[in-house]
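Below is a structure I'd like to ask you about.
First chain written, first letter: the chains are A, B, C and D, and each begins at residue 1.
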Amino acid sequence: MIGSISPEMLLAILPEILLLAAVAVVFVADLLLPEQRRGSLAWITAAGLAITMLLTVFLAVPGAEAELMWGGMLRHDWLAFIFKLLFLLAALLTTLFTIGWEPVWRKGEFYVLLLTSTIGMTLMAASADLIMLFLAIETTSIPLYVMAGFMTYDDKSTESGFKYLLFGAVTTGVMLYGLSLLYGFAGTTNLYEMAAGLSAASIPGPVLVGTLFLILLGFGFKVALVPLHFWAPDVYEGAPTPVTAFLSTASKAAGFAVLVRVLLAAFPGILTDWQAIVAIAAALSMTVGNVVALTQRNIKRLLAYSSISHAGYALLGVAAASQLGVTSVVYYFLAYTVTQMAAFGVVIIAWHKLGSDEIEDYAGLSRRSPMLALAMLLAFLSLAGVPPLGGFIAKILVFAAAVDAGLVWLAFLGVLNAIVGLYYYLIVLKVVYLYPPKDEQPVPVSRPHAAALLVSILLVLILGTVLAPWYAWAAASAASLF
Amino acid sequence: MIPYILSAIVFLPILAGAVLLFLPARNRQLIYRFALAVAFLAFLLSIVVYFNFDAAGPRYQFIEKYDWLPALGISYHVGVDGITAPLVLLTGVVIFTGVIISQRIDERPREFFAFLFILASGVFGVFVSLDLFALFFFYEIAVFPMYLLIALWGWKQTREYAAMKLTLYLFIGSVVALVGALAMYFASGLGTFDMLALEGANFSAEFQNFWFPFVFFGFAVLGGIFPFHNWSPDGHVAAPTAVSMFHAGVLMKLGAFAALRVGIMLLPIGAHTHLPWIIILTLVNVVYGAFIAMVQTDFKYMIGFSSVSHMGLVTMGFATLNYNGLVGASVQMVSHGVMTALFFAVVGMVYDQAHTREIPKLGGLIRFMPFAAVAFIIAGLVSMGMPGFSGFIAEFPIFMGLWAGGYPLIAILAIISIAVTAAYILRAVSRVFFGDLPAELEGHMHDIRPSEKLALGVLCLIMITVGVYPNIILPMVQSGVNAVLALLGGA
Amino acid sequence: MADAFGNGHLLVFITLAVAALLTAFYTMRQITLTFLGAPRTQAAEHASESVRTMTAPLLVLAVFAIGAGWVGIPEHFPGLGGLLPGWFHEFVGGTLVANPEAVAFSIEPLLVSVGVALGGLTLGWLVYRKAAEADPLRKPLGAIYGLLENKYYFDELYDSLFVQPAKRLAEGFSYMFLDRQVIDGALHRVAQAGLSLGSIFRNYFDAPVVNGFGDLTGSLTQSFGRLLRKVQTGQVQQYLLFVALLAFGGLFYYLLSVLQ
Amino acid sequence: MQLITDNILALILFSPLLGGLIVMLLPSENKDLVRRAALALSLIPFILTLVAWFGFNASPEVDGFRFQQQVAWYPAINSSFHLGVDGLSLSMVLLTTLLAPAAILASFSVEEKIRSYMALFLALETGMLGVFLSLDLLLFFAFWELGLVPMYFLIDQWGSKTGERELWSGMKVSARRYASFKFMVYTMAGSLGLLLAIQMLGVVSGTFDMLALFQSWPGLTGSLFGLSVETVKAVAFWAFAIAFAIKVPVWPFHTWLPDAHTEAPTAGSMILAGVLLKLGAYGFLRLVLPLYPAEAEQYAPVLALLATAAIIFGALSAYGQTDFKRLVAYSSVNHMGFVVLGIAAAAFATGTESATIALNGAVLQMFNHGISSAAMFFLVGVIYERTHTRDLGAWGGLFPLVPVFGGLLIFSSMSSLGLPGLNGFVSEFLVVRGAWPIFTLFTALSMIGLFFTGAYILKGIASTLHGPLNEKWKGHLTDISRREVLVLAPLLVLMLWLGLWPAWLLSVINQAVVGLFG
């Protein structure tokens, strides 16, 4: 079993391999390239990511049947495949957005960290074994701690990095304790044999739920659910904006991939218990996220809280614990990632000219550069869940899943939160469109930024109108879990 | 029958809006002419739909159906029946006249017309879509243009508050109804959002009784039903002329129509249990709105509340659930739509020149804008339910429906609103148009443009033709209503 | 008068005589005042002879006035009796039911009537011959003169008894009070009630309650947001403390439920 | 020719409206053209009515309505465009089409916005004709309300410019605005009950056609809307009665009339008094009596009481007036009181010989009052145009200055007084003769009214023509012009003709009355 490495096993980890190659190339380029041509590092990383995506799409498509590989470590199925693509896309967009971000884009280390974190995430999505899972989470988190604190001269960034590290360390520790308990009870570390092991050992329900609770703490940190969301606003505000973008999209998506797989694969027995916990967490996240976002003056903190509330909406799908639920979660993250990237893209572009993240500085952006304002309009409206944009479809699917699973009260709470969300998104748009600008010059948009923004806006629109292909992907990934 | 006509009507405005955004901002004339051309085309198409609709033909005509998301049974399925054909024409007329009236918009006309057209295609979409998902899709497309139109071009004092209030009410209504729709989708077990199929789903009585209020009130919020009505006067007053014309004229009908389409037609048992107490709300709507309109000193507020009162009549017509009431309500939707559009157009013209809407500060305007004054008087007569005009043709069957539905007391109380409406309309007309010109208005009152006269003329023409020769709209409405009754009766 | 005297009704005879006297007196008063003496008013100076269309009828009437007397002279009247056939007497008497026969002629009524007539005339002429502005009889008669002048106040009586109350009734009661106050008042009160009802709806219910409720929910969520914002202190220690609490709380809860 | 006789009624009904549209198209500066065109156009319906009049066979044996015409108008609630005429409505149509040209001729002196004035006037005529001709309840109500609108604008736009009316709490509003507003809203509010009752009738019996309703409605039994049919019918009766009472006007509902008259232009008040008041009485005869025979009989005494009150208080108020036009207005209240008395008497003792007489008298009174009040109002208008005041006190002894006017004024006053030999006397006598055996007390009481009628008419004449010549008018009062005499000529001739030989009109009216009592 150890010796034989079949071509499918290689293809299963093709993205990881290619990313490693990219890391190597970046290292070498960082050493060889003279100071002034360091800029091309970003382009190299971007190229690497692009190539990885293309090859994965054409070569590494999983078959209809999901199978455990590498001795039960990885599970090559549609869920993993789609999330991998998602992470690659997010990383690509982040790299493009870092171009021109002064302290970051000339440094090779940054891109290495970025690529390693992406590798971690892809492994998280595919891991089917507790050990593998923990390793993947650490490979993702640690580079992110460093990236968050990358701007060493800016104490806000270091503070956010340090805070992120501390909070991560504690919660991962608790999670590890939970995992070990789980291993103790089940006797096996493989998720897919665990269910049989647990029922064989006839562990009393509450104890099992207790251990799951501890594990959920770890995932909760990763996904920034409400009881464990405290780190998010400070880190998002402090970290360099491209990193925040990456954090709020890719890392959150990875957290959800793992959460869904673990819950549905390992704990089908105590479904109703964890459904209750997740439902409560969803309700809290949505409400607290939206309500606090109302009062924010800083656009990054606003987007931070809004991303917490979006985590809450996605949790609705998880709480539904049905095939439609998982489909809605996957679709939700497709739409959410692209929209959040677009939103942060605009913030990044604006930051170069305005130099501040305060909302009132965005006054009259529509007069200064109508196209940028239009992009911001589409991004924020998609966040609010207004058709014809992706956010609307995502929200409808998530609410449908909740209603289908009988969680009608949760659906209504979600609906009310959508209204609060619409309020503060429209307030931002009002500032952009209505208030007179402080000065008249237009906001310059560099070519890479424009390209990245255009790609994300187009994806937002396509996700909102042409539903069929994406939905098919999401449905396939859901099927793979059941 | 021209194929794809309905899709053309729905997507023409939104595409035109997109194109508009790329026209050079400086060239106001080009932008206005382009917008006018698009609006006229939409109006033409809606006329074609209206007159090609064969009353004796099948229930739905001009049907187009394409798969959108087969996995969930979502399809882009459009078709027009007896009740929606007149409403499509109404939308066409109001968008055409609205664009003419907003020649004077000088601040960023490009964005103004773009958002207006997105709004229009949203409304067209809802009227023609036969798929529940598509209905919500188009219903909520109207959310953000409505906010931006009012917030950016509205009346300085209250535009931000009114825009936000209006959009939130509209959004609350739609999402609440959305949850209801999702519940219906799942409970039906048919796995499709197609309303024609859902009509046959005959849900359990208990399910219908639980979900009907959510769906009905979700949509009726936009129809201005009593407890949720106060966004509409604020919204109308703050909105620029064309938007308040479009909003009061068409969007409120959207709410009432959707309440009928999704609420009453898909949950008939729920309708039978809940509408008897809802009719009391509509009664309050009618009488309460009329009385408040009487005490308003602001010209636009008065018309805002008068449209609340008349919309109450529409929902009351639906609530009677019998033949007369439904026929009356459907005709009232068209008649009130045209009437309120004309009201707001004229008020807009008055405001553009007099820069005040306080009735006491206005007077003697008939000398300057006789055509607008006559048009306003005709609209006033329609609002009074004066026979010989479309108002009477619409309101009379509604009251007959009340009698037939066994609500004599409600009919008696509701009829008071007619006298009150007559009172405040006459008072306003005599003070604004016939009084003596106040000093400060001396210099700058002048007649309206010929194109604006054309717009007002078209609106008056519709009101008078429907009033004099009701059979131009009735056979169509009757066929639509019979289909609804079949559903109601059947359940 | 002859008849009354003949049948012995003395009192009637006297009243008739006095009446004839007074008639003669005031006829003469009129004649003297208008035609004789100096012209008293300005218009009187150049009063002209009456126009032809007036004099002709006067002539005709004058002839009859004189002639009519002759027809009624009864035959047994000394001198003039029997000159003209007394057909008038039979004509009138014929129509009466009881045909009264003529009274025997006697001189006293004749004398008295002639005396009274001529006496009255001369008396009138005497009194008013040089009458100036004021009427000579005013002083001697005193209060009675006033009474006579005002025609025993009958007109005033009718006026105050019938015309004024009718006017008051008509204008005061029926029009001003009944129409203006009562009915129009009622209409105006209905209009006022309508207007106040409208303002009550608007100012006491629509604005405060319905709008209020909408704005209340808005501000409530806003304040709730501000409250939660304060929880976000920024110290990591507090966050980690919260995580620890959560972990132990969870564990404790589940272990407890296991022991049950 | 066949085309005309087939749908004569539709032609009569819409020719004024068409005329109005034509007038609107004429150039507005050329005032004379507009005036002559309006006059000519208003003569067309008059000629058509004469054609109908002579084609109308008045023998009571031939039952039902003549010249009937029915076209589908609003099938959704099965109401149709159904026209028809009987003796009663034909006489009213004749009155309308007669007075309209006279009124238009009278308004030749109107100067501003003459074109819209004439158009509104002709539209008003169509509104009134519609009420008399329609045999469909919905159509009846449509024209009933439609007639209000032109009248409202005539009063509001061309009414007398001066005059203030103080409302509550010191709020002042110009008199003509107040009057037109009150006229419109009062009548509309009143006819809300009528609207409700018509709807109820439409829903219960499924059709709006009067002929069908006359058959099915009175005989209806059982319960309606949870109430016994009797109570529902009683409520519906009062709904109808109040709406028509306001229009007639019957006593408590009459306060709009004097305001409307004093503020209306001369021609406006001619038509208002001449025809509009007859709509109410016509409503009683056409709808209330046939539809609610039992209730009519039951509540006839109440109606008679109100009629007597109208007669007495009308006369009293008229006597108390200082404004000549308001005096004539109240005289209309008084005269219309007789009409209502006649109707009430007929309703109380239907079928008896004196009831027929009373009803004939009432209808004739409607016709006569139409003529005499129109003449009176015109004469007041003539004097007003010359002296620009209507205050009786301001005139005095004008006879020598305007002898012809004086003569005509006395002639028409005598007619409205009810001098035997003129038309007023015939109808009042018939009404009194008919009502006496039925409502002896009320008729007796109304004699007081008659007494005061004489009082106020003479007061009117005396204070204008007799008494000391008011020096103010000495130099510049021109006598009545040829055109103005031409206006009065037909009316005066009719007054005399009807006074001496009313048989030609009475036979037509009698056909309807006999038909009414079936």
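Note that a contact is a pair of C-beta atoms (placed from the backbone, for glycine too) under 8 Å apart; a residue touches a chain by one contact, two chains touch by 3 or more.
What you are looking at is a predicted structure, and each value in this text was computed from that prediction instead of being measured.
Taking the mean of all protein Cα atoms as the centre, the chain whose own Cα mean lies nearest is B. Farthest chain from subunit A, judged by C-alpha centroids: C. For the pairs B-D and C-D, the larger set of C-beta contacts lies at B-D.
With centres taken as mean Cα positions, subunit D sits 42 Å from subunit B.
Taking each chain's centre as the average of its CA atoms, subunit A and subunit D sit 84 Å apart.
Inter-chain spacing, taken between the CA centroids of subunit C and subunit D, is 30 Å. Computed from the mean C-alpha positions, the centre of subunit A lies at a distance of 100 Å from the centre of subunit C.
Across the assembly, subunit C contributes residues 218 that each touch 2 or more other chains.
Of all residues in subunit B, those touching 2 or more other chains are 168, 423, listed in ascending order.
Multi-chain contact residues of subunit A (touching two or more other chains): 423. A complete list of chain pairs in contact reads A-B, A-C, B-C, B-D, C-D.
Remark: subunit D residues 72-77, 138, 141-146, 149, 152, 156-157, 177, 180-181, 184-185, 188-189, 192, 195-196, 199-200, 202-204, 225 touch subunit B in the complex. Looking at the complex, you find that subunit C touches subunit A at residues 218, 221-222, 224-226, 228-229, 232, 234, 236, 238-240, 242-244, 246-247, 250-251, 253-255, 257-258.
For subunit A in complex with subunit C, the residues that touch the partner chain are 162-163, 166-167, 170-171, 174, 204, 206-207, 209-210, 213-214, 217, 221, 227-228, 230-231, 233-234, 288, 291-295, 420, 423. Residues 191, 194-195, 197-199, 201-202, 206, 210-211, 214, 218 of subunit C are the ones that touch subunit B when the two sit in their complex. Residue ranges on subunit A touching subunit B, taken from their complex, read 366, 370, 374, 377, 381, 384, 386-388, 392, 396, 399-400, 403-404, 408, 411-412, 415, 418-419, 422-423, 426-427, 429-430, 433-434, 467-468, 471-472, 475.
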